[in-house]
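All chains are identified by letter, namely A, B and C, in their written order; residue positions are counted from 1 within each chain.
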């Protein structure tokens, strides 16, 4: 073990603060200029942060659960990214004030005149909605603290019993995660069009989340490792695993997306197709086709050859690409409810995106300043460092 | 050390095997005990400049490719090329079959819908890619089947398919010098060295694929199978249920008796008080006067309705009435000649009158209600009007037409 | 990958410190010895079931599918249930051989060969049903887009046609995958056997494989590629099977979660079947130290995980049916859970979701008798899952005047029994003729099997290993 803790270069912090500051300014301006649009943008940004935060925590749990060793040297990175979770609790507050602008079903007049909504009322009412969100966020925060606490403790004691305990947490969290991510997707995104329903929706968002969280982890791991902030032994075999899983998760997303679209397209039932039709209207049709190419076709072809799976530069590019592709995907899910005639991407949207990236970088930087970038005394670390393909 | 090893060289073949082996040397084989020894040995052999050598292990060893100085396997290219061939063939096949050769509207969808084509495209890609990978591995890269390899049936092979690690340097390698090879084997801690000789059969036999008897047998079997299956299916089993192409069916023909229904009639009657769709009874049957008075032509005179009328008229009316309504149809000598449609009487007829005759029949003319739908009958009336007008055409009409 | 209690070392996959020679010996032995009494009893039972199935099949082909219990409105019943059930069983084999290979789960080596063989036989069994279901199976050639005298082509919009492509591709690729894996083992057997006839057969089948590293190199890459394409293939096959239902507009069938739900269910049922048979096989053929209790425990964990995925889908379907506000959707699900077929629904839920929860306990995961009971229940539950999906969605359709119950006929039951007979007959023959564990793969993952030095080519004396 030849790990020496080095602080991250100051440029990281500068970029983070810069993005955060400019983003915040643009956000405030956006709320002043067009409040409703700003709320939709805010929801978009919030779901992106949920993807990274909750998704990273799921990746940490996944590593414990399946007993993977190759990813142990990089687990800290996902833990850092999961630090967004406590912030999610604060960031959700503006959204609660924006519910009237975001969700038609909260309007008394809609409820009175829509028998379908009346049928859903036991589920779709503001109180229950907020209770659900609170429970979901509580579960995430709880497990975030459980996992990081164990991981930090192990840095000092190296006790394998902590790993055993984390494995138990992971089994519970895995189940809770599937349900929480499903219901956060249904509540905050599917009910934007409260008539529409799809049993696949939770799985679709889950698939996107894992791609995004894994892309973020890949980007940070490769950048840090290439610049010598991690243990020097790590080489191609671990990169290969990153690339393969990134590729695999992305194909899984495409599979889920295709299945959902194809079944709706084929059965052609109006109560389902209208959601797709909203995304075929005007310039949205180009946006939808763009989703196929940007999120699936191009990353698929780029990551397919075996040789490309060990090129750090390509991995860095593709992980940023997929992060942006996930933002694109979320935009495709959320924004047609606001921009009904065609898609618009202005300074307001850009501001929210900058804020999201700025926040992720800043949080990462703050956490990385205090903690080891590698779980130095994790019992699985040695196996992870000596990891060989085959 | 070297001498010891030479003494150890064993006569490993059985007497029978030995007879079948020539004196031409294929190469020298060494056996090792541990994976580390063989990996080191391979690195040394490759580093010493030998080209025609190979390592034989009971299972693939990690890092052996590097030790032997081999490049990355190229089989991926074969898989990829055949894979995308599968993709394009499937797409082209579906597009050609369902939009060009046999277009059919299914479920209100386009002739070819890409989402519905994805499953088959994917399966074809995988199928071709998989077959290409396996055939590429066996035939292209491993040159199999190699049942006549000189290594087969040797003691050496029996060890490396079980628990030992072997290395063979071929005798026709440019750098092959017996003493060097033996020294190399000794230095790398080989525990046993063997000579491998070609067999007689390796040196003489040609490939059996072009043997006359072999090819003849294959072609003969193919022809025989084809002929037998043709005769079995088309002659022997032709009348045997269920291979009779559904020529024997338990159906009831129209007008025939059936014991299944209580009234012994094979045909069903409509439920009392109901009318079959499109078969509304004609309300003026036998009442020409009221028909003339009350029936109004619902079909407007348009180019489309006139063309439809012409079409129906030429099919159903022209055999007796003639193409232009002169009553000189193709049936004129076998059947009573109908009156011309250009008489003053006919010209003064109301539309309802024509419709009534077509629906109800008149004199020897039967009803055409069964053959020609209601709207078509009105369209024919329009067409008859057009024929009547055309007979009366004057010089000025031509001017107008311009 | 199983780590020991300190999470630093892997638990050895092969127990008891056996040598490579022992591995050869113990794996090849069943093919050299005369079948035991137990084998003969099992074989005769399978043959009896196969005969009953054969008679039922003959009746179906001669008299047509009127011999089955299908009626209006339940126009699809045992035929498709059995098809989906058997295709699903096959999926575990591909999962073990391909997906776990990609995830480098070394424990798969002990069970991969057997599971792959199971896949092939299960797909063969499944293939019988759609072909018979066409009514005139001798015209099955029309299922393929072949030029014909009518000048027509197949309907590319039909998910049943996608099935034809998916199942035939799946069979072909699984067979090739299995065959490729067998080649090195056949070479080992060729060099071990003393019988002349066997030697000839093994020589021909092993195609003269010599274990040369220049071949291994391509072999491993080809294996990786096959695993790489089999993984999406296995997802696609059961997804396409689910499309048979989901592209329709029948409430209870048309729901977007069907593809991944069917795939999870398929893996779940497949693992149930693999465990059921392996528990018996490892005992009979003395393979306890190759197929260890750790293997069974890992499989039980996978059963628990996939069982819960299936449970998630059950729950999601129910929730969205309510949430949709669509009365027809709501009716179908209420009818499933509390209608005349409620018993089948609760068999499904308890066998697939509730009982596997016992696998949370390590003691139960490692107890062979309890595992045996639970996996048998999984097999039952997964058959009933297909029964529930197919029969309960159909038997009360949009027109209450035509509601009816489905009762299987003797022919239906005979075919179901026969499908088990067909499957087990092949499986038993396989067990006595080919190595049921991959010899070369097991050797490769044993302790000390891999070199610890990784040198580059160098002339003698200069060491640069690292």
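Operating definition for what follows: a residue touches a chain if its C-beta (ideal position, glycine included) is under 8 Å from a C-beta of that chain, and two chains touch if they have at least 3 such contacts.
Just so it is clear, the model here is predicted, and its values are computed rather than measured.
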**Request:** Make each chain a node and each touching pair an edge, then name the shape: line, ring, star, complete, other.
**Result:** complete
**Message:** Which chain has its C-alpha centroid farthest away from the centroid of chain C?
**Reply:** A
**Message:** Counting C-beta pairs in contact, which chain pair has more, B-C or A-C?
**Reply:** B-C
**Message:** For chain A versus chain B, what separation do you get between their C-alpha means, in angstrom?
**Reply:** 44
**Fill in**
Between the Cα centroids of chain B and chain C the separation in whole angstrom comes to 28
**Asked** Between chain A and chain C, what is the separation of their C-alpha centroids in Å?
**Response** 34
**Request:** Going through chain C residue by residue, note those that touch at least 2 other chains and give them in order.
**Result:** 220, 232, 239, 243
**Message:** Touching at least two other chains at once: which residues of chain A meet that condition?
**Reply:** 262, 266, 390
**Request:** Would you please write down the residue numbers of chain B that are in contact with two or more other chains?
**Result:** 60, 62, 76, 107, 113, 116
**Message:** Under the stated contact criterion, what part of chain B meets chain A in this complex?
**Reply:** 60, 62, 72, 76, 107-108, 113, 115-116, 118
**Request:** Please name which positions on chain A make contact with chain B in the complex.
**Result:** 258, 261-262, 265-266, 268, 305-307, 388, 390
**Message:** Quick check on the complex: what are the chain A residues that touch chain C?
**Reply:** 66-69, 116, 119-120, 123, 160, 163-164, 171, 175, 178-179, 182, 197-203, 244, 248, 251, 255-256, 259-260, 262-264, 266-267, 269, 271, 378-380, 382-383, 389-390
**Request:** Name, in rising order, each residue of chain C that touches chain B in their complex.
**Result:** 19-21, 24, 61-62, 64, 136, 138, 145, 151-157, 159, 161-162, 165-166, 168-169, 172-173, 176-177, 179-180, 184, 187-188, 190-192, 203-204, 207-222, 225-226, 229-230, 232-233, 236, 239-240, 243, 440-441, 443-444, 448-460, 462, 465
**Message:** Applying the document's contact rule, which stretches of chain B touch chain C when the two form their complex?
**Reply:** 35-36, 38-40, 42-44, 46-48, 54-70, 73, 75-76, 79, 83, 93-94, 97-98, 101-102, 104, 106-107, 109, 112-113, 116-117, 119-120, 122-124, 126-127, 129-131, 133-134, 136-138, 141-142, 144-149, 151-152, 157-158, 160-163, 184, 187-188, 241-243, 246
